[in-house]
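Look for chain A in each of the two complexes below; its partner is chain B in the first and chain C in the second.
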Partner chain A sequence: MANIKLDIFRFDEAVDTVPHRDVVAVDIPETTTVLDALEVAKSEVDGSISFRRSCRSAICGSCSMNINGVTGLACKTPCNSVMDESGTIKIDPMPNFQPMRDLVVHMDPFWDKYTRLKPYLQPADKDSDHQTERRVSPDDMKKLVDVANCVMCATCYALCPVVSVDPSFAGPASIAYAYRFIEDVRDSKKEERLAQINEDYLWLCAHCYACSYCPKHVDPHDRIIDVKRATVNSRVMIKERGPQHALVVNRTIKKTGMLAETEVIQGTIGRFNIKGLLAVAPLGLRMLSKGKMPPPFLKPIPKVDEVKTIYDTLEVPVT
Partner chain B sequence: MSSTLLPEERANDSHKRSKSAQSNRYGFFPGCVAKESCKELFNSTMLLADKLGIELIELTAASCCGASVVNDTNRDIGRVLNARTYAQAEALGLDDIITICSTCTGHMRLANKELLESEERMTQANAILGKFGAKYNGGVMVRHLLWMLIDDIGLDNLKSMVVRPLNGLKVAPFYGCHIIRPEKVNGWESARNPHSLEDLVIALGGEAVDYAGKTRCCGFHIQLEKEGTAANMVGQNMRMAKEKGAEAVLTPCPLCHLALDGYQEDSASRWGRTDLPVFHLPQLVAYALGVPAEKLGLNKHLIDPRGIMVERELIA
Partner chain C sequence: MIKHDVVVIGGGLAGMRAAVEAAERGADVAIVSKMHPVRSHSGAAQGGINAALGNRDEDTPEAHAFDTAKGSDYLGDQDCIEAMCSDAPREIIWLEHRGCIFSRLPDGRIAQRPFGGAGSPRTCYSADVTGLVILHTLWEQLERFNVKVYEEYFCTALCVEDGIGTGVVAYNMRNGELELINAKATIFATGGCGRMYAKTTNGYASTADGLGIAFRAGIPIMDMEFVQFHPTSLKENGVLLSEAARGEGAYLLNSNGERFMFKYAPNKGELASRDVVSRAEWTEILEGRGVDGCVLLDLRHLGREKILERLPQIRELALDATGKDAIDDPIPILPGMHYTMGGIETDIDGATRIPGVYAAGECAAPSVHGANRLGGNSLLETIVFGARSARHACDYIKKVGNIKPSERTLQAEKDRLNKWLSKDTGTRAPVARAAMQNVMSENVFIFRNEGQLTKAVDQLLDIRRRFDEETYVMDKSKTFNTDLVNTMETDFLIDAAMCVANGALARKESRGAQARTDYPERDDDNWMVHTLAWRQEGQNPKLDYSRKVTITKWQPQVRSY
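== the complex of A and B ==
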């Protein structure tokens, strides 16, 4: 048995203006999960401690919270893996959400983004006109298995640094779930879905891999790349900045072997998009004043033809 | 003092002692930005190599690593472009490629991992490389200069080489996502609590500032998608560093450098003025090892680091 001190964020939006913290000590085996430790604290010490939970086995996705600065499922986190030398564990609500009561947060923004995807199958014909079940080959299903493991615990959304400053971004889970339907052979709304997720700022993903700490190993980041690729290849929203950026980067590498910064900036924003170019002009002028400007034209690397051969063989789109 | 993980816990190759390390002849992949808008990074790396007595052999015919963007159009392009670079290193007898950019590190290591773990992918890459007579045999590893400094030169050794200690300059490390995440690709140190940059700052006589922003994203890759959002990511991180008493920032990544150095001005309206000067990794190491400050391109930074260096009596 160990004496574990849970240092808990306390706040009730109905009565509090500012949060405070309570330290609750419980005597439990140190291999107990953080969720079970909270259950003991609630049943034996303070019945008002609030948190969401249900299955206690990483299936329901209810108990994601911030444990010693790391967001994850409390039911999957043993106390002895996170407590400090004094046996203390700091527990906070998930970041990127508005706290409601203690460790319970308002999940609405997360669910809103998910609902916008129309997260259900939309086949080309009605079920009533369909004589047999809609069959999917094992190979087609394989692509969807990982992402179907998502339990919508919102850990990735809480970890996402883009969401933390720009709530208009769909967030990792929604995009991974969009992939689940975009790649489903039974679905008929691929282009509409791609357009929708592009509207919800698919291209605001900053490639930071913060979402690689998915408790269910969904790897939303890799699915985000898949959805971007589907966007470029289906040429949905092709004139927008995201797809144009991907294309111009490839174009300059194919031509010079290098990512040509000047051309990438112009190509992404649009050479004739005066308003867009003016928006980046102040930074450009500051850089110019320090003599810190990328060259307007790049000399191709030696044997750049080899790079061109690679691009042509793989048939990579560049325009 | 060492990185968080024991050698046997580190991802695949990153603890191996390479032939290059034994002979002090490394392959060098500077990446695009160090050759374009951050030339001061390239120059200070070469000056540092001179001081350390190591030879960095630039892979001049190497292409861009793919910068985490090329895969947005095609699943294979990044991997094959990098296989071509590895083949060039092998042809020069080099088995260790040193990078000076977090994104190059992550993207090149991911490509290498995919090639080494799948015969099918290696065969695909070599079928294309074969069209111009090249072949990758799988004998290359990719490491960041930061890892090389700590594993091959050693912190104690570096400390003994310091001729101009940093006089307690309060330096906030900023790692850059792709040198730490995903852990299965990098894995040289803990991605959640890395401390190699802190160890280095201390070895150079500075004070390391711990803050939550050090492992977060600089927003570089979305600057052209939505400038305001990218600027806010910079402001948020720099505010955290400032509040912990940082006087300067140290980063192993030129993309982070462009973001942090360039966008603090634009983020000031929401996050308040932070004005933290940002050093490239080799600039600060080279300075402490005695490379004249005026050779390090500090005048190219938008937030001039020379002010705080004068204040700390590092330069006159």
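== the complex of A and C ==
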């Protein structure tokens, strides 16, 4: 048995203007999960401590919260893995969400991101046309099962720095869910889905890898890469600004061994897109006045052929 | 007042399947759920869902129905069983066409695995996350049909006017207001009640809500004494390790390293039905051949690759709780409370005795499971009877004119909650809950006898009376008051526990999951009847045995595996 002190964020949106903290001590085995520790605190000490929970086996996704500054599922976090020498554990609601009551947050913006995706199978044929299952190879299904492990706990969304500065960003979880349909051989709306997810700022992802920490090993970051790759490989989507940007970055690096920023701007916006180019002109003028304007043409680095070899070996698309 | 044609209480598999069926039929339907639908405990179902697709071996719905009837120890109503098993293949195809991610055979058809008590490998699955993928598929269909979900609304009471259902009262957890919801048809799909026991595979939210509500509205609760103890739950926290482990070939070992199941089930071994396996395990433990109060589930010979491909979730759950990796070590397990075969009494279409009121899924008892449920039949029951109850409800609502719930029920609910909220002293619900859990775990477990059951009945009645008199709620907030919600849940759980203990004491025979050491034989002459429990305020439920078991094809036989 250990004396564990839960240092909990307390807030009630109906009456409080600012949050406060309470420290609640409970005597429990130190291998107890943080969720069960909260449950003991609520049952035995203070009934007003509020948090969401259900399955306590990492499958319902209810209990994601911030534990000592790290967001994750409370039911999958033993106390002895997070408590300090005094036995204290600091517990806060998930970041990137508006708190409602204590550790309970408003989840609606998160669910809205899914709704925008039209998250349901849209096959080419009608449901009623079939008397048996559609045939799908084990490998094609296996790809989807790995993503299907997502329990929508929003841990990745809470961890995402892009969401924190631009709440319109789709966020990792819903992009991973989009991948589940984009890669489903039974679905007929791949291009429409890619267009939608591009509109939802797919290319804002900064590849910081924060969402690589996933309690269910779905690894949303890798799924974001997959969706970007599918966009670049799509004949329809390739004309859009996001994939064009990715391609021109690769093209200039392959050509010169460096990032040719002037060419990247032109390539992303479009050389003949006068309106688009004029829109960035003030930025160009400011850069010019501060002496930060990159040169219009770059001389390739020595041994640029080795860079080309890397690109060719990896078969990275550049056009 | 909120108003819909059909209101479904609960957003798990049965509830969502019902809502989607009603939406496809053009009804104005809404879901009222205490959680977001994807949080439902249906998602924790691991192993699979039964249907006689015959993708691996020859199979027929009739063979499935026979296995189910035998598994029920002949207490299941065979007309309901046949309906479920013949609907099953069509329902699986329905799910597949809506995108459900089933594991596949090399030729692209849905994969199937062997499960306990089944004569053929007929359990369709998705690795060991079958419940989760079906849950997501149904949630996707809610999005497709734009079904309104009253999320984090806790349903507290059923409204009945002139003998017909008119809607419900629900507590909006976001603002603390009780609201009247008008519905021509109400479908309860509130899941299980595992939290009557201290150790259970069920989550914190499995609390007999719909069952308690129906009971109070005068609907009988059926066959509650039949509680399934799952053979493989973790000692540390009661978390479930799927029957799929044994379906894929795992062994059960005692302290001598012996595969003891063949002593109890010479033909089926580890794949006997769950009641048989759990009793065998408990017997081994009681007779001193346990390992620290457990037996061992051994997956090692399956090999790393198969474990990672087909059972990744249970490997991780065991690793998290015990520190043991199933690839290298046997996992200590023991039987744990898992499922109630009984529930709100319904007919073959999910209809209760009150017109306009339905129930489906674990909270209901059309009696397909009788005295013992086969693995893989619970997911099937949710889907089949969710759809059937919605179909019946959609026909029913066409015949009903404008009906309205009266403010009387709303006022009664306000009074019930205010009584707890206005007090600052007394006893909190967790105290009553713990007392009930102890009574149930100690006296209404795998093996039962008159002495223990009498004690349980008496103690539960005492807990009921004290709860009614002494309870207060500590949290007074209007925002997400889970202290109040937990109190309402405990109120319902005590009702459910009383039905279990009273039914078990009165049934003087051993059948399926009810094992009476003082009446060790099945008694077909006297007990081929269902237990109906009717609520009596502040007293033990009144028991009635007027509903006889329906037999269509299979007379009771000696049951061996």
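Following the convention adopted for this analysis, the second predicted complex is superposed on the first by the 267 of 319 C-alpha atoms of A that agree within 3 Å, B and C clash if a C-alpha of one lies under 4 Å from a C-alpha of the other, contacts with A are read in each partner's own complex, and residues count from 1 in each chain.
We adopt the following convention: a residue touches a chain if its C-beta (ideal position, glycine included) is under 8 Å from a C-beta of that chain, and two chains touch if they have at least 3 such contacts.
Everything numeric in this text was worked out from a predicted model, so none of it was measured.
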Tell me the contact category for A:295 with respect to chain B and chain C: first, second, both or neither. first
With the two complexes superposed on chain A, say which partner A:189 touches: chain B (first), chain C (second), both, or neither. neither
With both complexes overlaid on chain A, does A:136 touch chain B (first), chain C (second), both or neither? second
If we overlay the two complexes on their shared chain A, which of chain B and chain C does A:255 touch? Say first, second, both or neither. neither
Check the residue A:308 against both partner chains and state whether it touches chain B (first), chain C (second), both, or neither. neither
Partner chain in contact with A:13 - chain B first, chain C second, else both or neither: second
By the touch definition at the top of the document, which applies to A:118: first (chain B), second (chain C), both, or neither? second
Interfacial residue positions of chain A with respect to chain B in the complex: 69-70, 161-162, 164-166, 169, 201, 203-210, 212, 221, 225, 228-229, 232-233, 241-242, 245-247, 249-250, 253, 257-261, 264-265, 268-269, 279-280, 282-283, 286-287, 290-295, 298, 301-307, 309-311, 313-318
Which of the residues in chain C come into contact with chain A in the complex? 35-36, 38-41, 43-44, 53, 92-94, 96-99, 101-111, 126-127, 129, 132-133, 136, 140-141, 143-144, 174-175, 203-205, 237, 239-240, 313, 316-317, 320, 428, 430, 434, 473-483
Note: in the complex, chain B contacts chain A through residues 32-33, 35-38, 60-64, 66-77, 80-81, 84, 128, 131-132, 134, 177-178, 181-183, 192, 212, 216-217, 219-222, 224-230, 232-233, 236, 262-263, 265-266, 299-302
Which residues of chain A touch chain C in the complex? 12-15, 36, 39, 42-44, 46-48, 50-62, 76, 100-102, 104, 107, 111, 114-115, 118-121, 123, 127, 130-138, 141-142, 144-145, 148-149, 151-152, 181, 184, 186-187
